[in-house]
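Take a look at these structures.
In what comes next, subunit A is part of two complexes: it sits with subunit B in the first one and with subunit C in the second one.
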Partner chain A sequence: MRVKNDTMHLAGVYTKMIFRSWFQYKVDAILRSLAVFCREATGILVIYFTLTKFDNLNGWNIYELLFLFSLLFVTYGILIIFFTGLRDFGGTVRNGGFDRYILRPRGLLFQLIFSNADWFAAVGHGGLGILLFLLSAGKVGVVWNGITIGYYIVTIIGGVLIQGAVFLFLATLNIYLLETNSIKELFYWNARKFAGYPISIFHKAIQFVMIYVVPFAFINYFPAQFLLRKEDMAQYPEVYMYLTPFVGVGMYLLAYLFWRKSIKHYKSSGN
Partner chain B sequence: MRLSPYLAFAKKSFLQKSAYRFNHLMSILNTIIRIFIFWEIYRTLYGGRTEVDGITMSMVTTNFILSLGLEAVFGVDDYYLPNRIRDGSIATELLLPVSFHGRMLAGNLGNALFQLIFHFIPAFAVTVLAIGMEAPASPLVFLAFLFSALLGYGVLFGISFLMQMLSFWLLNVWAIMTIKNVFVNVLSGAMIPLWFMPDWMRGIIRFSPFSSIYFTPVQIYLGQLSGREILFRFATQGFWIAVLLAGGAVLWKKGQRKLVVQGG
Partner chain C sequence: MSFIEVSNITKSFRVSRRSAGIPGMLANMVRPKFEERKAVKDVSFSIEKGEMVGFIGPNGAGKSTTIKMLAGILCPDKGSIVVNGYVPYRQRKAYVAGIGVVFGQKSQLQWDLPVIDSFELLKAIYRIPEEKYRKNLDRFLDMLDMGSFVNQPVRQLSLGQRMRADIVAALLHSPQIVFFDEPTIGVDVLGKETIREFIRELNAQDEVTMLFTTHDMQDIEKTCKRLIIIDKGAKMYDGTLQEIREKYGTSRQLVVEFGEEAVVPPMENVVITDIEDRKKSFVFDNAKVNINELMSHLLSRYNIRDLTVTEPEIESIIQRMYNGEV
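Take a look at the complex of A and B:
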């Protein structure tokens, strides 16, 4: 019990330190959150303006599309509170910062997670996600009752775990490869730019990547289908609408095992 | 003015660019995928219709190939001045017997030339073979397109130039650069063809420099503008370049007097 309290305390201290260092430059901190919000809203503005001319995209109206986007932003907002340290892990390894973590008497993942939380980007992304949810949730014909709310919460957790697993996997790759940014750019950031659209409009190869390689489809498309029941779901197995939490937990466990196995082989880049 | 030192700067940034081959390959792939994805989105939106508001699907494809291709070429370094103010090297650079602005432009042009040859051309070849595009309306129109694209680069450079001057007053310009890029991305026609913007937005865009960057060259290429309209657009582009550079020059003068370099 004492150990657990101590851990919580340390997590609290880390969080306080992050806030302090951010608020050293208050105007800049606020501007940064705003900039992240605007940058992420770019894709939303584009789809909004496009749908003032064309009234639907493969049967999805603007509110349904905003709902689809909202799942992506809400999960990412939560994700970067916990996984920024893993997202930026490559840099930590290269500048030798990881060696410092190893010397400290605490779990490596614990330190990576709590000493790097990016609260301001979380406000930008999460704020946009919540705004989109509020704009769309009442207009997409979902009856919000115990079942749908429960489903939504489990989906969010699953979506965070899926992306967390991707980050953890890519972070682990850094132990073997010096440079993983290009892989991350291609498979994560690029895929994410289009993950807000219904995947049914894309080429089969792109759909394959979005379902089975970097499974963005399980973060927003399939869960949204459970709630919205659009026609284009007919081309996928119905069971996919229920898999998000399992994909999330499964991927995270696999990534975690990979991490545990690999960390034993860690050799410092030295300096 | 002697040109040779500036050519040397341009060459240096050209060569620097060629050092990261794998990253470069990935960024070409990135452009190709983006064009392809936008094409798929619009193909779905058109849903078999041959035209919407007089705009054919093939014109939309042409818009994306040209504007996303040019976007890859244009990539102006928004942090050229901010980085030099931050690390203090601006102090020594100001003492050099070459114009700082000339050096800045030369560095960016070297980069643009590299991107034109090794990014635009391969990405262009792959996408045109895969999804096709409109041919230019006539050889003369094609020349007008090239000239207009050059002016478009000038406008984008001017916007970046003006914004970079703010780094004399701000510790960190990342936030305002990011917000600037939102405006460029949404209003320039790179992510949404401006034909399809709501009328009230088009009204606003008309009085902004953003459509001068990619959309004007695209319209010229497609033969949407008459000879007189083309000349008027050239003048508009030139006007924006002059205004943005003049604004930047004023801030540059003021900023230099204010410049304090911490250590070095």
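Take a look at the complex of A and C:
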């Protein structure tokens, strides 16, 4: 129990440091949250106005689409608190910062996560996610009871883990390649662009990627199907609506094993 | 078994080798070619508890790689390292809790925050009890005269101040072993002196075992008794400074200022170099060349304004060792 308290204490000290660093530049800190919020919200507005011209997208109305987006933003908001250090891991390896983590008697992932948490961007992304949820949740015909709320929470955790696993996997690749930004661009950010829409509207190849390669479909599309029950779900196995937490935990474990193995490689090949 | 025992360690890196230009780049993408570069070759040494050892060599000699292996950041390809009963690259957490590392070129302080905030973070990371933290902090701040800037953000500090703060940061948890990688780089003369004085005191009072790399021979002369020289990854010398002086210190330098432009033909066993327009240096081995003969030879042939004879600086001896002359 003491060990646990001690770890929580350190996490607290790291968080305090991050806030104090940011508040050295107070205006920038606040503008940062706002800028992230506006950048992402603009994208949503474009979709909103486009959709008012069409009525629906493969059976999904505008509120259902906003609900789909809200899952993406809420999970990313939480993700960015915990996984910014992994997203920016390439730079940390290149500038020698990772060596310093190795020299401190604490878990490497723990240090990476808590010393880099980006709370301000999290407020921007998460705030937009919550706003979209509030706008849409009452208008998509979901009865919010114990089961649906429980399902929603588990889905959020699973969605964070899926993206966290992708970040961890890409971070680990840095140990071998030193520069992985273009791979990240290719797999993560491009997949995320598709993920705002019902995947049923895309070509089969894209659907395949979204389900089996970078499984964004399990972050929002399949969970939304459990809650909304749209007709296009018929083309996928029904069990997919229940797989999000398992995909999340499974992917994260695999990424973690890859990470552990690669730390050994770093020590034997480092620069 | 010594406190630090390094036996026959070897470390090589794979560096990508590609031909120039776009065709070379494309070829490299299809089939990357790698070249083995040996950074450290079969190096052994042992260090006793409380010893202070200088580790020197030219750029790229393998100093930093060796320090990184000792600190557990890298593991050797061959050979073994045992420090204080630990294998650094295997028992990471237990081992690093008892060592301190200063990288002169890479600060571990929080750039935007006052120095004291970084210290508080380290207190939490190393689980330093309040009382010990207070005691160490007060002592180090006093020794390094840091009271005036400990509450200033790191980004506002001078290089010398930042270096002192970085040294304290590596020592707050009372490590038994400290590795300094160029702790005086870029620091002015006065700052260097403060740092050396501090290192000496810490070694004498606390029996901290220290190993440090530097390019500044003054650092070594003023702090270490023992010296390890490596070049091209291999150990060239391991012994005291005194021994170096005795063994290789028979060379002398004669500096001559001529009254006019003078052309001096080459002489046997004497290295002649131009210093200024009318100033030349003659370096020779005292055992091989008679200094009286050399001087009268010069005096009889040239118009000479001034003459000085000097013993070699340790620096020039080492320089000659790198060049393979001794």
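By our rule, the second predicted complex is superposed on the first by the 266 of 271 C-alpha atoms of A that agree within 3 Å, B and C clash if a C-alpha of one lies under 4 Å from a C-alpha of the other, contacts with A are read in each partner's own complex, and residues count from 1 in each chain.
Keep this in mind: a contact is a pair of C-beta atoms (placed from the backbone, for glycine too) under 8 Å apart; a residue touches a chain by one contact, two chains touch by 3 or more.
Bear in mind the structure is a predicted one, so any value in this text is a computation, not a measurement.
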Partner with the higher number of touched subunit A residues, subunit C or subunit B: B
Subunit B versus subunit C as contact partner of A:138, first or second or both or neither: neither
Partner chain in contact with A:58 - subunit B first, subunit C second, else both or neither: first
Contacts of A:197 with subunit B and subunit C, given as first, second, both or neither: first
A:150 touches, of subunit B and subunit C: first, second, both or neither? neither
Touched partner set for A:91, first subunit B, second subunit C, both or neither: neither
Which of subunit B and subunit C A:185 touches, first, second, both or neither: first
Intersection of the subunit A residues that touch subunit B with those that touch subunit C: 25
Interfacial residue positions of subunit A with respect to subunit C in the complex: 6, 9-10, 13-14, 17, 20-21, 24-25, 95-96, 99-100, 102-106, 267-271
Contact set on subunit C toward subunit A in their complex: 13-14, 68, 71-75, 77, 89, 92-94, 96-97, 99, 101, 103, 106, 108, 110, 112-113, 117, 120-121, 124-127, 153
Complex interface listing, subunit A residues touching subunit B: 25, 28, 31-32, 34-36, 38-39, 41-42, 45-46, 49-50, 52-54, 57-58, 179, 181-182, 185-186, 190, 193-194, 197, 201-203, 206
Residues of subunit B touching subunit A in the complex: 22-23, 26, 29-30, 33-34, 36-37, 40-41, 44-45, 52-53, 171-172, 174-176, 178-179, 181-182, 185-186, 191-192, 196-198, 201
